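Sharing a structure, written as structure tokens. Questions coming.
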Amino acid sequence: MNLDFTREEREFQQSIRSWMRENVQDDIKRSSALGEMLAKEQQQKWERLLGKQGWLALTWPKQYGGPGWTATQRYIFDLERAMAGAPPTSPFGVSMVGPVLYNFGFQEQKDRWLPGIVSGETLWCQGYSEPNAGSDLASLKTRAERKDDHYLVNGQKIWTTQAHWSDMMFCLVRTDPTVKQQNGISFLLIDMKTPGIEVRPIYSIDGHHHLNEVYFTDVRVPLENLVGQEGMGWTIAKFLLTHERTTIAGVADSHHEISRLKNAVEESPGFLDKSQARLRIAELEIELMALEYTNFRTVAATDEGRPLGPESSGLKIKGTELQQKVSQAMVELGGMMSLTWDNPETIGSDIFNRATRRYNFLRACTIYGGSNEIQKNVLAKMLLGL
Amino acid sequence: MEFNLPENTTLIADTASRYLKDNYSFDIYRKQIEQQDPFGASRWSAMQELGWFGLPFAESGGGFGGTLLDVAMVVRELGAALCLDPYVDTVVAPGKLLEYVGSDATLAMLSDVIEGRVKLACALYDFHAGYQVLTPSMKLNGRRLSGQKNFVPDGGFADTLLATALADGELVVLAVPLGICETIRYRALDGGRIANVLFDDVDITDGMILACGEKAEQALSRLLAYLRVLDCARMYGAAGALYRRTLEYAKTRKQFGVAIGSFQIIQHYLVDMFIDLQQLESMLFMAAVKAESEDVSQRERASTAAKAYYADKAVRIAQQAIQIHGGIGVTEELDIGHYFRLITHCSLTHGDRAHHIKSFSRLDEVHQGE
Amino acid sequence: MNLDFTREEREFQQSIRSWMRENVQDDIKRSSALGEMLAKEQQQKWERLLGKQGWLALTWPKQYGGPGWTATQRYIFDLERAMAGAPPTSPFGVSMVGPVLYNFGFQEQKDRWLPGIVSGETLWCQGYSEPNAGSDLASLKTRAERKDDHYLVNGQKIWTTQAHWSDMMFCLVRTDPTVKQQNGISFLLIDMKTPGIEVRPIYSIDGHHHLNEVYFTDVRVPLENLVGQEGMGWTIAKFLLTHERTTIAGVADSHHEISRLKNAVEESPGFLDKSQARLRIAELEIELMALEYTNFRTVAATDEGRPLGPESSGLKIKGTELQQKVSQAMVELGGMMSLTWDNPETIGSDIFNRATRRYNFLRACTIYGGSNEIQKNVLAKMLLGL
Amino acid sequence: MEFNLPENTTLIADTASRYLKDNYSFDIYRKQIEQQDPFGASRWSAMQELGWFGLPFAESGGGFGGTLLDVAMVVRELGAALCLDPYVDTVVAPGKLLEYVGSDATLAMLSDVIEGRVKLACALYDFHAGYQVLTPSMKLNGRRLSGQKNFVPDGGFADTLLATALADGELVVLAVPLGICETIRYRALDGGRIANVLFDDVDITDGMILACGEKAEQALSRLLAYLRVLDCARMYGAAGALYRRTLEYAKTRKQFGVAIGSFQIIQHYLVDMFIDLQQLESMLFMAAVKAESEDVSQRERASTAAKAYYADKAVRIAQQAIQIHGGIGVTEELDIGHYFRLITHCSLTHGDRAHHIKSFSRLDEVHQGE
């Protein structure tokens, strides 16, 4: 057992760190230090830069544009990325539709869509949830009727993150309403510029616009935008759930958040009971350690080609709970400084002044991607052999 | 022992509830948080007509002699309605400070408050001193006032501040016209209006000094106990609203073909919310009755305990309300997330949980019932 | 609203306090200060003393031997009792079978059994749980067959608290196995000296003997020991669940425990971080306050003759959770001093030396009397209107 | 990075597991906790034959050069088997202390330990100093030793203590024959044997002083990091056993006509236990690898974090195991309650949660991976 990085890995880490130091732009660093969301232009500029390096589609096979890194290297990259104050990349292209395409897509589909993801040119969004199909995805209703040379799509998606930024959506639609719930679902790629699509913003309680409703009225989608066969949508969706993501636990970003919190406390104007605050931070750091080393085991298992067990649900649950705890600590340790919302100038500490934005937004992290309750149900079935 | 709301208090609460139902709504709230101007003249005069301006104050000073419990029930309803009208910050808080100081000058000002002739706000905090209200960082040197006040909840329209400062290490309470200060207004977490005020070597005249030394400290101590309870009252209103909405949602929202309230885990979440809400209500009643006590240790014990408890349990109820609502709970569209912000906000005003636990741990224990 | 005791109540409190000061024996005080269980003789001596005062059957109507106190007085009595270091009285006679008898019993039964309860002479135990009927009481199997002049009882009870001390047991038995689960159950009084009864001890993880298994082999119970009608057992059991108990939340005893904890910390030999420990105790005290005032509302409602709502389940849940938290704090604040089990002499602090006994035993308090999970199920049904 | 147990370590763990399965049982445990005499000569020599006596120690000193991870896997199995044989307290702990001091005299004593010729125990604590091992309350004045040691886990049979004292403010480690002290033996929470030892102006000869000053402090610091990890290992074994038993119970125990594992609330309890157990395992591996580091800050960071985490999560697992088992879980009959006591016990040895959180909060952060 060797829990330290190897010499090669440390060298890799150094090279990534230097690169980050030189390439993460100041505006991004500033936003990150304050815990702010980036504008579309900032985010896309950053992703294109990574794309140019070949560092965007990290988990992909080399033949499709992946860097050929081990899971450990990907973890190191993510850590250095986060600690350098750079944002996580959007998962919809690189972690979701990409792997679907190279696993289930026809050659033409791969040729057409993968390069745009690898380079950061094409922005994707995920059309899964519907007003009455959130955690219970199998009951989705958005209908894709097969016509001669296209599908005619009608219906509505909701909670569509960054739909307003996106060029493309991958989407679960019902192609056959006559069969059992899961069976009639297909996986469709939709160009967001197609007539009949309306994107309406949903503002979140952090005051920002991340989410959308997307309405489809007689939207014509070419038949060749179907991935796999009709009715395979459920299989593909399940495949994605088990697809490896070294970042599911949010370890790197929690490191970054705890380091922001420490800075804020140490540089606080002084009325804080700092030794008291440090105890609370110590508890968070220790929880992060437990999460981090559990994550390492997943990473190591991936590098050794071992299959992932139920740990990954655990990582998601613990990881999101920790993100919430850290953000709550940031709000509470900020005291009154956290009361501010749109103050034009710093009052004591910028970090604390913005703390509730992230805290508010992160209430969603135990909900989306399958609520933690659903994750526990699934895990319980595995444990109990139900 | 008798635990019922007095008839009169129930009447006040019911009237407040009816008034808010007729005159306030989530739509009005949403417009209000976007506006610089906090609210029209109509709701200001409505408050006065309802008798709220006089409610918190002794009859001898021209008030209606309401108890803290009466005021708390009004504030509870304001919280339940998500209403941002700054009743506490611009009427109750400055008015009680004037009353607690109790000089001829302050009682005269108080009657202006009751008549709605002035718009005051308390400026007790700055980010250096934090919750240590007895040692503000602002300094009064001779007749020159220098420093800043932050987190001043002036509702966006106060014209005079009741501000604290230290003069030779002694606490003073001053009434300073906002016109002579540099003021930056912005929005607070709960959507209300809040200000930073910079005092750049401001000239202070005799009449501006309302109280100093022990008198000022005592008035402030009493005020804070009072305000902590109103924080709790507002949170209770919001937490109750969240519980009712969440219970209703669990009964009607379907997933996997059944109401989500049929899942045992959701049931237990709701039960936990219900039980905590019960205890929050008990704490509110307890604190409202005891925080007006002449006995400082009773006041402190009751109000710090209540606030510490609320900053834990009301916050937890708000978090669970969102979790049970799912995605819809984190949107601006629905009131759930706004109640959530309100509760977070109130958990941080006039002392947060850590502050109150620490204060409480330093009080001497008073054997219950003695 | 008046949350202070009235002048009369304060005088009552003073009189109880003086009485306790004079009448709680030193050996009892000593055990109580250490958190130890009393021996049968101590416990019964104490209950007889209360019986002599007419202070045992506190909730009973005057005609049956109650003191005619208000719920507030009963609460005050309990508080003063606990703070004086006296033990709670056994609930089985005064809080359980007594009220059943004067509500459902025949005059002969009342005459025969109530006086022994009021005086503390007769000790009772409760025969409800069975090996396969714990939280799921309706599935109990102990059989009482009606013969000419007696019931023939066969079966087994378990978790029978103080069965080895008891003169009598009140017992749920199945008199009719042919009808639906709840319907065939009857409420029977059994003399523990009847041949065919075997009591076997169950030792708890606090190292003590509180619990027992009770085996019935052809035990003959007179027909006149049936309370109410055959088949009424379930109704009576449910009646008992809603029967008022001012002490269900354990407020008085938690006060006593927290004061023991405070003493232990303040008098601790010194290595404790006392300000840190005081913060933890402050949190417990605040929780106790919330519980206490919620309990007061129940007490006040009782005095005003208002019916109890779902609050009482809440009191049981919160009350037991708090007892566990206090006992855990006592163990943890004791540090190494809590490591001791049967040390013949004090090591630093007696209170800490014995802390794990109570901590261990109290793990049961969220289980017995209907586990907290079951309580929540019941409460959920009421809230959701299921 | 490589997270597999080395083949050799797996072999050691498997052997330990098999040995305990064949030679230890809940029945033996129950007899053992009632006896003054801790265990027969047969299991003592079995330990030696298994190579456990030499395992923790460097080959240069006559040991088998096992890592802390190797030893932790043995201790994990001891915990899982609820085995009270005092391997850690009478072999590992004193042996490592002798090794860490590393003088000719202590290495000679160590070889006696490895050969099973002496029975030692460490006496590091007293109730005055608590977890502050560097400032024991026992004093060495010239050649006279006065004071007491408490919580000495000597397994009921040690003949010599490695005890700490202060001589003119300087830490000393002494080897004192128990024969010259007043000793009171009793049972600890986990059922093991523990002692109070009174040193009433005891004569100390030259040979008894093993180390002093910085040397003693360093040896102690290394020892404690090592022992914290073994506390975790023992708790992990117990928590794992509790989880497996509880899962099995939930599958088979019926209530209301169905297995209790079919209730969602029980399912979520089990999932929480499972997830925490995963994280506990990661922490154990992490701490076992890092707590032998030459770098004191790595050692302290890893071992204090692990112990603090265990004192929270392993304790919680033990509590939930009882709750799910219901009444049967709090009886002496079943092993559940005994594992519960074992875990509580280990959460308090060599620093409790509060102590370690505080220590951790005072360490400088080491950026992961550097």
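Order of writing sets the labels: A, B, C and D. Residues in every chain begin at 1.
By definition in this document, a residue touches a chain if its C-beta (ideal position, glycine included) is under 8 Å from a C-beta of that chain, and two chains touch if they have at least 3 such contacts.
All values derive from a computational prediction rather than experimental measurement.
Least step count on the touch graph, chain A to chain C: 2. The most distant chain from chain B, with centres taken as the mean of CA atoms, is D.
Measuring from the averaged C-alpha position of chain B to that of chain C gives a distance of 42 Å. Shared interface positions of chain B, defined as residues touching 2 or more other chains, are 263-265, 268, 358. Touching two or more other chains at once are residues 373, 376 of chain C. Arrangement of the chains shown, judged by which pairs touch: an irregular graph that fits none of the line, ring, star or complete shapes.
Which chains touch which is summed up as A-B, A-D, B-C, B-D, C-D.
Every residue of chain D that touches chain A in the complex is listed here, in rising order: 1-6, 9, 69, 247, 250-251, 261-262, 264, 267-268, 270-272, 274-275, 278-283, 285-286, 289-290, 305, 308-309, 313, 357-358, 360-362, 365, 367-369. Within the complex, the chain A residues that touch chain D are 1-6, 9-10, 13, 72, 76, 79, 83, 255, 259, 262, 275, 278-279, 281-283, 285-287, 289-294, 296-297, 299-301, 303-304, 310-311, 314, 317-318, 373, 376-377, 379-380, 383-386.
Those residues of chain B that touch chain A in the shared complex are 125, 127-132, 150-151, 184, 186-189, 191, 194, 196, 254-257, 263, 265-266, 319, 322-323, 326-327, 329-333, 337-338, 340-341, 344-345, 347-349, 352-355, 358. The touching residues of chain B, when paired with chain D in their complex, are 263-265, 268.
By the touch criterion stated above, chain A contacts chain B in their complex at residues 129, 132, 134-136, 139, 158-159, 202-205, 207, 211, 269-273, 276, 331-345, 347-349, 356, 359-361, 363-364, 366-368, 371, 373, 376.
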